[in-house]
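These notes open a run of structures that come right after.
After this come two complexes, each holding chain A, first together with chain B and then together with chain C.
This part shows the complex of A and B:
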């Protein structure tokens, strides 16, 4: 079942994603469901637990190359990070520094901190950030995949942008504060979270790709994400440099974007200005990528 | 900013020069062992892309200034109500600006700058994650408020009654706001009392030997976070 070409990445579970992304039968899990590493904090609140606390970690292969893989389960508590969930991710990243895989594949599908254990979750994300930066410091690239139903928000939105490459589908969403949070605090006039088309034009794969935050935009198919990993082996074989010059260059790019897009509130305005066309939001992925490339 | 000036008088009796532009603090403080960089925010800043860029540029400038070979410690002042909430900031990709700031902080660490955070005021969620929470040592000053979200908002979103959360918060440090909870979980290394010599305490922190991220171990020792360290180790050592 892991090689059905049309299978949706978004609809797949974390385990199906792992199976579909890696070479057949190459996956070995670390501290899997049999270890019963569940959250005592959810249990204390009388809430359902999961035997893997909503994240799968282990190693496998992509075209024979060994990779560490981390996959969050968006269908369990919105993929949110608690103490156990976060510790498993951190352990996998620390292990990567020791074992030096070709890359770390990070399937992010999370709204950020798990509020039921908010302090543990915030600290866990901070520790994940430190551990991920250490992986990159060892020269190993981290590739983020964002195409699940929860997207990558909160602290996990920051983690996604720490990665050396970000593979997204149009349906994937990437941001910091979720639309619901902004609507609740700032009002529906600021952000109508029920306007799904608007939500996608602000946080979805197309605007992220247009701004260069997503390295590649793929169709919502497991096989398309797998193909992207195969190309990243060649296009992103090492971690991005953190020399002073490299960091200053990013600083200058981000400054230029903030100045250029000082009133950006909708992806459509960006596409209009770039001349992508009024139908940019409706183009299929291949057409959108082609148009972007033509305009580049 | 007035409160921060009083704070700097107390931290750096040997002198300081910290300017404040748009809620961002930049400058230096003099210790008995020489100058250190000071970078931070004030007045409970909501961190937007503009502030994040000012902070990351300040970090890059501190690294670029040298002197090469003996990088100066950097003191971060954390005072943030969290990230700015707006559709514009989301469309712009605020999370990417935070990630860049985090990479700059790591770049400073990798070049030997020792990093210490003082929480003076509020330290909330995203605004704290990208900056103050990445330091080598994190200290809460009296009255510091550290949280992801207040209990009422948490009750609304988790659909667990506020009364129940308040009751649970008496025994568990795991979700309720408070510097003390973060101390118990190892996320804050020290809390200073009003009657202590802050200048002396700060110097101890600023010139401490570099160390790896040991917050999970600290949380286990202090009894507030029992699983984080052992589970990470279990994953590392799994067959």
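This part shows the complex of A and C:
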């Protein structure tokens, strides 16, 4: 669990992310691998299990402030949420309500529900959503980090958007239906899931940042995600209010956006309209952020 | 899935007892290994669950080689394998050894 400066967030495992995001040696894991809380469903199907069921939960510190941290392992079954995996996340969130950390750091790297676990996985996702809202109801902000190879899709895409802030890298992806799902349901003319550039123009960090769905766009480095956490302590210290009026205002904004931008096919069309430049997709993160700032 | 356990004679580990530590990830061609304090100091225990059938002799050869290279008596290695090659198995075991810490 080395802390390597400049190390890619995307390439790191969940455990390396936890070590790289928190103050050195501050992490204390809950229901760690030695507890062997493995998936009974995968075992019944004769499939390999993981000692942590693909998610690391516990407590640590960011600049001395106590945080609850949840990190999904995208390499294990696509970070998909099974019964035990989901129960660990829900338990960590419920514990956060009792123990009142400064924030919950949620490293999402998941395609959504683990299909092998069917209804148990779906139920787990809704339990996570309810527990996350309870954390926010207690005034504790939840910060999502999306920069893993699996992105945040399906139910975990919704969970990401429930969070008070979303930190993304350009490499991160956020959406509801994943590219392959859209292609399967709607046909390849509607969406070619093998067109990587298209996938990123529609779901990647830059378009999410442009639309305001990602709060911060950072470079794909563990240290950059860590720096974003440090600044969120100051810019997003409490959970956003969830009054009916506030929700209605967001609903109105989204409705207006859907009408205003209904003819736009992808990120480049939006960047063209905003005057961001034809080279928006190739700009590095700092340049892209600077251009967005200038246009704001 | 195929499961087996090997108890091999080994030189005692000097770092006992150790904090449980997990290395690697269960993904295609990879594996995870959980190191814990376990058997008597002159024994090393390997519990392997693998998705690849029919490779127990290769496993035994890799693990025997590992035991001759390191003082791992008193340690238990629990492995979940998703078809890692012998080289990757050796690499993960080496990483786990380097990470050994007191609890």
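To be clear about the criterion, the second predicted complex is superposed on the first by the 293 of 296 C-alpha atoms of A that agree within 3 Å, B and C clash if a C-alpha of one lies under 4 Å from a C-alpha of the other, contacts with A are read in each partner's own complex, and residues count from 1 in each chain.
Just so it is clear, contacts are C-beta pairs under 8 Å (C-beta built on N, C-alpha and C of every residue); 3 or more make two chains touch, one makes a residue touch a chain.
Everything quoted here is computed from the prediction, not taken from an experiment.
Undergrad: Please work out whether A:34 is in contact with chain B alone, chain C alone, both, or neither, and reply first, second, both or neither.
TA: In the superposition, A:34 contacts chain C only.
Undergrad: In the superposed arrangement, does chain B or chain C reach more residues of chain A?
TA: B
Undergrad: Could you tell me if A:100 is touching chain B, chain C, both of them or neither one (first, second, both, neither)?
TA: Neither: A:100 stays clear of chain B and chain C.
Undergrad: Where does A:91 make contact in the superposed view: on chain B (first), on chain C (second), on both, or on neither?
TA: Touch partner of A:91: chain B, not chain C.
Undergrad: With both complexes overlaid on chain A, does A:50 touch chain B (first), chain C (second), both or neither?
TA: Only chain C; A:50 stays clear of chain B.
Undergrad: Per the contact definition in the header, classify A:15: touching chain B only (first), chain C only (second), both, or neither.
TA: Touch partner of A:15: chain C, not chain B.
Undergrad: In the overlaid three-chain picture, which partner chain does A:73 touch, first (chain B) or second (chain C), both, or neither?
TA: The answer is second: A:73 touches chain C but not chain B.
Undergrad: After the superposition on A, what does A:290 contact: first (chain B), second (chain C), both or neither?
TA: Touch partners of A:290: none, neither chain B nor chain C.
Undergrad: Which residues of chain A touch chain B once you look at their complex with the stated criterion?
TA: Residue positions touching the partner: 30-31, 35, 37, 40-41, 44-45, 57, 83-84, 86-88, 90-92, 94-95, 98, 113, 115-127, 129-131, 133, 137, 154-155, 157-162, 174-177, 179, 181-182, 185-186, 190-191, 202-203, 207-208, 211, 213, 242, 244, 247-248, 250-251, 254-255, 257-258, 261, 263-267.
Undergrad: For the complex, which residues does chain A have touching chain C?
TA: 1, 13, 15, 32-34, 46-52, 73, 75-76
Undergrad: Taking the touch rule as given, give the residues of chain B at its contact with chain A in the complex, in rising order.
TA: 49-50, 53, 56-57, 60, 63-64, 83, 85-100, 102-104, 106-107, 110, 125-126, 128-130, 133-134, 147-149, 154, 157-158, 160, 168, 172-176, 181-182, 185-187, 213, 215-216, 219, 225, 227-236, 238
Undergrad: Which chain C residues qualify as touching chain A in the complex?
TA: Within the complex, chain C touches chain A at residues 1, 20, 22, 25-27, 30, 32, 34, 36, 49-51, 78, 80-82, 99.
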